[in-house]
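Starting off with a structure, shown below.
Chain naming follows the written order as A, B, C and D, and within any one chain the residues start at number 1.
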Amino acid sequence: MGLREVLTPFTVWKHVFDEPVTIKNPIGRPAADRYRGFHQNDMASCIGCGTCEAICQNAAIDMVPVDGIETRTGDSGLRPQIDYGRCCWCALCVDVCMTGSLTMSNEYTWVDTDPDAFRFVPGLEEPWKDDEEGYEREGKRVLSGIERIHMEEMPPETRISNFEEIVDGYSRAEAILEADRCVECGLCVATCPAHMSIPDYIAAVRDQDYDRGLEILYETNPFSEVCGRVCTHKCETSCAALHEGDPIAIRWLKRHIVDEVPFDRRLELIGKPAAPTGRKVAIIGAGPAGLTAAFDLARAGHGVVVFEALSHAGGMMRYGIPEYRLPYEALDRDIGVIEAMGVEIRTNCRVGRDVTMDALRRDYDSVILAIGLNMGRSTRVPGTEGPGVEKAVDLLRRITDGEEVPVPERLVVIGGGNVAMDIARSMARLQMQKYGRVGVTLTALEDIDHFLADREEIVESREEGVQIFDARGPQEVVRDESGAVTGLRTWRVKSIFDADGRFAPAYDEGDEQIHEGTMVIEAIGQMADTSLLEEALTEALEWNRGRIRIDGAFRTSEPWLFAAGDAVKGPDVINAVADGHRVARTVMDELAAREVMQ
Amino acid sequence: MEMRHLHALLKQRHSLGQLEPKGGKLAFVTVPRENLRGLLTELRDVHGFTHLVLLTAVDWMEDGLFQLTYMLNNRGRDMTLGIRVMLDRQEAQGDSIHDLWPTAATYQRELKEMFGIDFPGSPRIDEEFILEGWTDLPPYRRDFDSLAYSQQTYAERPGRVTHDPREYMKSKLYPDGV
Amino acid sequence: MFNFKPDRTQYPAADADGKLEIDLETGKYLKLWQGPNHPGITGNMSVELTVCGDEVVEGKTHVGYLHRGFEKLMERRTFIQVFPIVCRVCVPEPDFNEYCYAAAVEDLAGIEVPEYATWMRTLILEMGRFNSYMMFLGGIGGALGLGITGQWMTYVRDLMLDRFEELTGARIYHMFILPGGVRGHLPEGFEARMEEVLSTAERYLDDIDKVMFSNSVFKTRTKGVGVIDPKLFEPYGVTGPNARAGGVAKDLRKDSPYLVYDQLDFEVATATDSDIFARATVRRGDVQTSIDLIRQILRKMPKDGPAMARIPNVLHWKIPRGETYIKGECSRGEYGYYLVTDGTGYPRRINVRGPSYTHAMALLEHLIPGTNISDVAALMVSLHTYPPEIER
Amino acid sequence: MKDVDDKFLKNIETEFPLREELRPRRVTTPDGQEIEIEPLKDYFCEAAPKVHPKAYIPIVEDFYNWARANSLWILGFGTGCGAIEMRPLMTPRFDAYRYGIQWRPTPRQANLLMISGYLSVKTLKRAIRAYEQMQGPKYVVGLGSCTINGGMYWDSYNTIKRLDQYLPVDLYIAGCMPRPEALLAGFMELKKLIKAGKGEGANKYAENFATYKANQKSVIKDWDMPDYNW
């Protein structure tokens, strides 16, 4: 031990005159920009999907209702409440947030004597609500997939010349990847008219348990194969994933499950119906609503007879939707399952002609009216009377029946809904087959962003050569001296609805166009053909603006008669399926009640 | 491939199972309980696996087995070998190796406390190690449910409710339940 | 100058099993509990000392005061949910838990980490190591009554925590290394601010050299005390600086390079005496290595690139059956995660191999007998043990 | 909890008897006398804590409170991870000493117990002893989520979830873990409470002593210490 070692330590005394490092006022010193402080939530963009709750490993987050936030499609109306007696500030909730609404401030001081005070709903009135700084994730979410798995489909140049199905369907590997993106929030379930257990069957795809998936599908929808192809998939508009990326391809995944289960296995899984009850129900119309009701009733053991005026069952699914979207075999398989439940379908049997309503009322315990909308509406602009003007639904029915339909080289379609797209694309295919080129013009009142048709329909129509003119109001079907159609005159639409929200299109008369074509097809909507009811019953029933009035449970004013489907509600397959279930439940309740009374 | 070479060398003598390589530097192999001691001694004294990295157990409750994992490392050749010994879950008794590596005694004490696997002869094996006054199942066993125990033993702060978005939406949008 | 020569006759006799025969009732021996509430104990643990005069004849460590049952809790959580809790296993140097866990998951799930994230991880780990050594250098001085080192080193460590905060968003539990990559990129101007911290640190370390390593009191109290015979390194599982202080250059960064250590240029510090002083000097050398490494990494790392690999949806992430062991050289030695998966969405078993587990238990108990009571704290600190990783 | 395997069900009385050194016995003192000792009675005062009455004259009580508020002496017992953020407070950068706050090595010199985060049952036992050994008036501050509602260890079998069931907590500081600045803010708040005469934790403990003891004993299985030791 030398003297040097004793003295050296004293050299640090030189620091005695250094500036002190003490922070003058440390309380409330601002934290770094990225600091993970207390939570913030943008109430407007939060959708209450509960993914934050699902990922929180501390069970610190509760989903609670908040004043002023209403439940609506794509927003559960719930908001996260955070328990700071649990939180560990890991910010996984921020990283996983589907909308990016949940962030963190860089505020960190919260002192309280009451341990119950450390719970709050971020986004209401915390002082750091509007703080700019604090943790936000870099870019879009990375903890779940953003982009939809691409669905292989036939290129336009191949598909335009035939009626073969366009999309291929997912392979197993693709389906797993797509199913993996789902966060199981369940926002879609209430949006689906039939309340299908979407997250559950997607989970079944993920687990490759197709049997379970199929059972889940059949709990709520006997037309899963149809819906897997042509459903309007409102669920995908409420999907939490669409806020940063693509919604989950719910429809394709549904189809994938059905594709993976062979028909025989399907029958096995669904099992046998219950023991016969001896009750009989007549259903008029073999469309989705009628057949769904038939399925439910038959499974409960009731005897069901479905009366169908046309030569095949399926209703609009067969006669409205073209084959390239829904192959007939797919539909036949779904109907086959229903028939296997013991449902009798009498085709070519028109009520009112081959059998009367009175007879049905007499022979059956209940009658369900599910006649759908099968008569096309007309625009009633000048020139629509006479040859060369067709209704889309009539044409589609004739195409399905294999009839020869007139195929002109150029034609004009009026309407912006799915039916308009269907007929435009069907006619385009026929034109291709006949002339080798497409000459379809489509006009609609709405501008392109407000078309009622599905987005992909519009895209695919354009790909197939359909020319779309949006915001055009039809004024007259132009005819030459001989009376033959030469085109459609339209004005540009300034607005469709008036100040009160009533339908009253306003036109810009200066912007006039003549769309050339030797045929005009109207596809602006349909109505029900209620002539089968006959006079006495029509008189007896209560009506509501041309539709039979029903209550919330699908009862008409006649106790034995129920009505469901497009004829009373609308507007698509999945709604019809939902109606079918509900009317079936009402009928079963009624039958059970009658049993008790007797 | 050195690891394969080593495996081939020892396979017969110690009735080793299949070698399961994980990359070039790490491999796992199963050995019967009676061959463990011989294998460890040979690996340590002859093949340079002098460092006992860890000793732990995995509970394969469904199969009725405990897996003991002895992780040995050869620093010079940068090889790590995980040696698995399967024990009957009912018996749950292993062989102490505290004389090969004194530090193994600590691991064995932990295994005794946390899994209930006994190592007769290991120093202080019956003393409490981490837990104090523990009366329930050894906590690392799969059949011990931590959450249930916690809820039963310690009070949670009451007053929290949560809602499932799926059911809540249905009840709000379809109050009739349809 | 002061030669402490204990009177060996006072020692208790050992029986056949090597167990000491200590009868407290004789009044010759006293039980002394050091900790859990004791300023000389690192963290919340305790040592039960049996003393004779002021000499310790037996020491037993008691741990478990910080046991939270992590390995059990991890089995109850999905793979992403484990991520926030791993860092809590070791408070002063949490990043190794994050890295080892993430790497183990990536290994079993077959995920390739982007290059940028690999560099970032190395940076975070070196920053964490720097912090950990700051704790040590402060602690070792404190344990020997040299309070100023603690004051200085805590200050420097706090400057580094500021850098951590702006990079990761938190001071202590950074939660930055996710399975699949890292959470973000370097903030703007980070390099310059980091350089400021590093040069400040070097200035303070110079002072530490003068005030501690050249201090005759410190030297006298640490040299030749708490010597670990290098022959004991393997039997007692000694790794890291504790082994390097005994001339064995064990360092996983060199022995089994992970992350980008094979692209970095550095030497590991070693010493030969294997006493408390040697262990302190090795760590002093390692701090310098860390500082150099941080500078190197910031210079060499790619300026931009993806921070995260594509990972499956974490809410239902399943990993096929398998097991792996991922290790890294933390400031105390070999840190590793043993992960076993069984094909479900939850880990089957995670075992954390912390160096303190061997150092603070078997080794410390072996070293304590024969030391002076006042040296126990210094001995314990010199092994650089963090109790939370012993009991987890 | 599922059925406990008989193999592991320990009888507390027999498995965890009173430690050897706490049992009543005869000992020989170094000077040769034989005496009876009963350590639990001899070394500890078993009297239950008393409520400390306020001073008769309000202004005197105000003065007391002012004095108490300005000398918060913290027991340097790091019970959990939060202790690591106290270190910066003890050092020049944040320098809590300027606010009259300092750390003491022993409970006898301290009047503020910081529960820095989670408490395992084993530490709870020591924390209770430390608390009871502290001189009144004394205060407890719970630091971080874990003291409020279990925090991230909400499903752990070995940590308590609600600190207020076992010790009278005067104040909570949110965070995991709270930054030193938040801790300082907490201390300032505590000072305000004490000045306002609301730092009544010790009295609350005395008043509800039986409840606290029952709660403590329900989780600490091997209770081998006197009911109150100070």
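Definition applied: contacts are C-beta pairs under 8 Å (C-beta built on N, C-alpha and C of every residue); 3 or more make two chains touch, one makes a residue touch a chain.
Chain identities (UniProt): A = Glutamate synthase (NADPH/NADH) small chain; B = NADH dehydrogenase subunit C; C = NADH-quinone oxidoreductase subunit D; D = NADH-quinone oxidoreductase subunit B.
It should be emphasised that the depicted structure is a prediction, and the values quoted were computed from it without experimental measurement.
Farthest chain from chain A, judged by C-alpha centroids: D. Measuring from the averaged C-alpha position of chain C to that of chain D gives a distance of 29 Å. Chain A and chain C have centres, each the mean of its CA atoms, that are 56 Å apart. If each chain is reduced to the centroid of its CA atoms, chain A and chain D end up 60 Å from each other. Chain A and chain B (NADH dehydrogenase subunit C) have Cα centroids lying 49 Å from one another.
Each of residues 21, 31, 57, 83, 85, 88-89, 115 in chain A touches at least two other chains. Shown for chain C are the residues that touch two or more other chains, namely 64, 67, 69, 72-73, 76, 84-85, 155, 173.
Residue positions of chain B (NADH dehydrogenase subunit C) touching 2 or more other chains: 131-132, 139, 144, 146-147, 157. Because contacts link each chain to all the remaining chains, their graph is best described as complete.
Chain contact summary for the complex, chain B (NADH dehydrogenase subunit C) toward chain C: residues 22-23, 25-26, 28, 50-54, 56-59, 69, 71, 75, 78, 80, 82, 101-103, 105-106, 128-132, 139-140, 142, 144, 146-147. Residue ranges of chain A in contact with chain B (NADH dehydrogenase subunit C), taken from their complex: 48-50, 53, 61-65, 71, 76-78, 83, 85, 115-116, 119, 185-187, 189-190, 195, 199, 552-553, 582, 585.
Across the interface of their complex, chain C is touched by residues 1-2, 4-6, 8-9, 11-12, 15, 21, 31-36, 51, 54-55, 57, 88-92, 95-96, 135, 137-138, 142-145, 180-184, 203, 206 of chain A. Per the touch definition, chain D reaches chain A in the complex via residues 92-95, 98, 142, 145, 147-152, 154-155, 162, 164, 169-176, 178-182, 184-186, 188-189, 193, 198. Partner chain C is touched in their complex by these residues of chain D: 21, 27-30, 75-81, 83-85, 87-88, 90-93, 105-107, 118, 120, 122-123, 126, 130, 152-153, 155-159, 176-177, 179.
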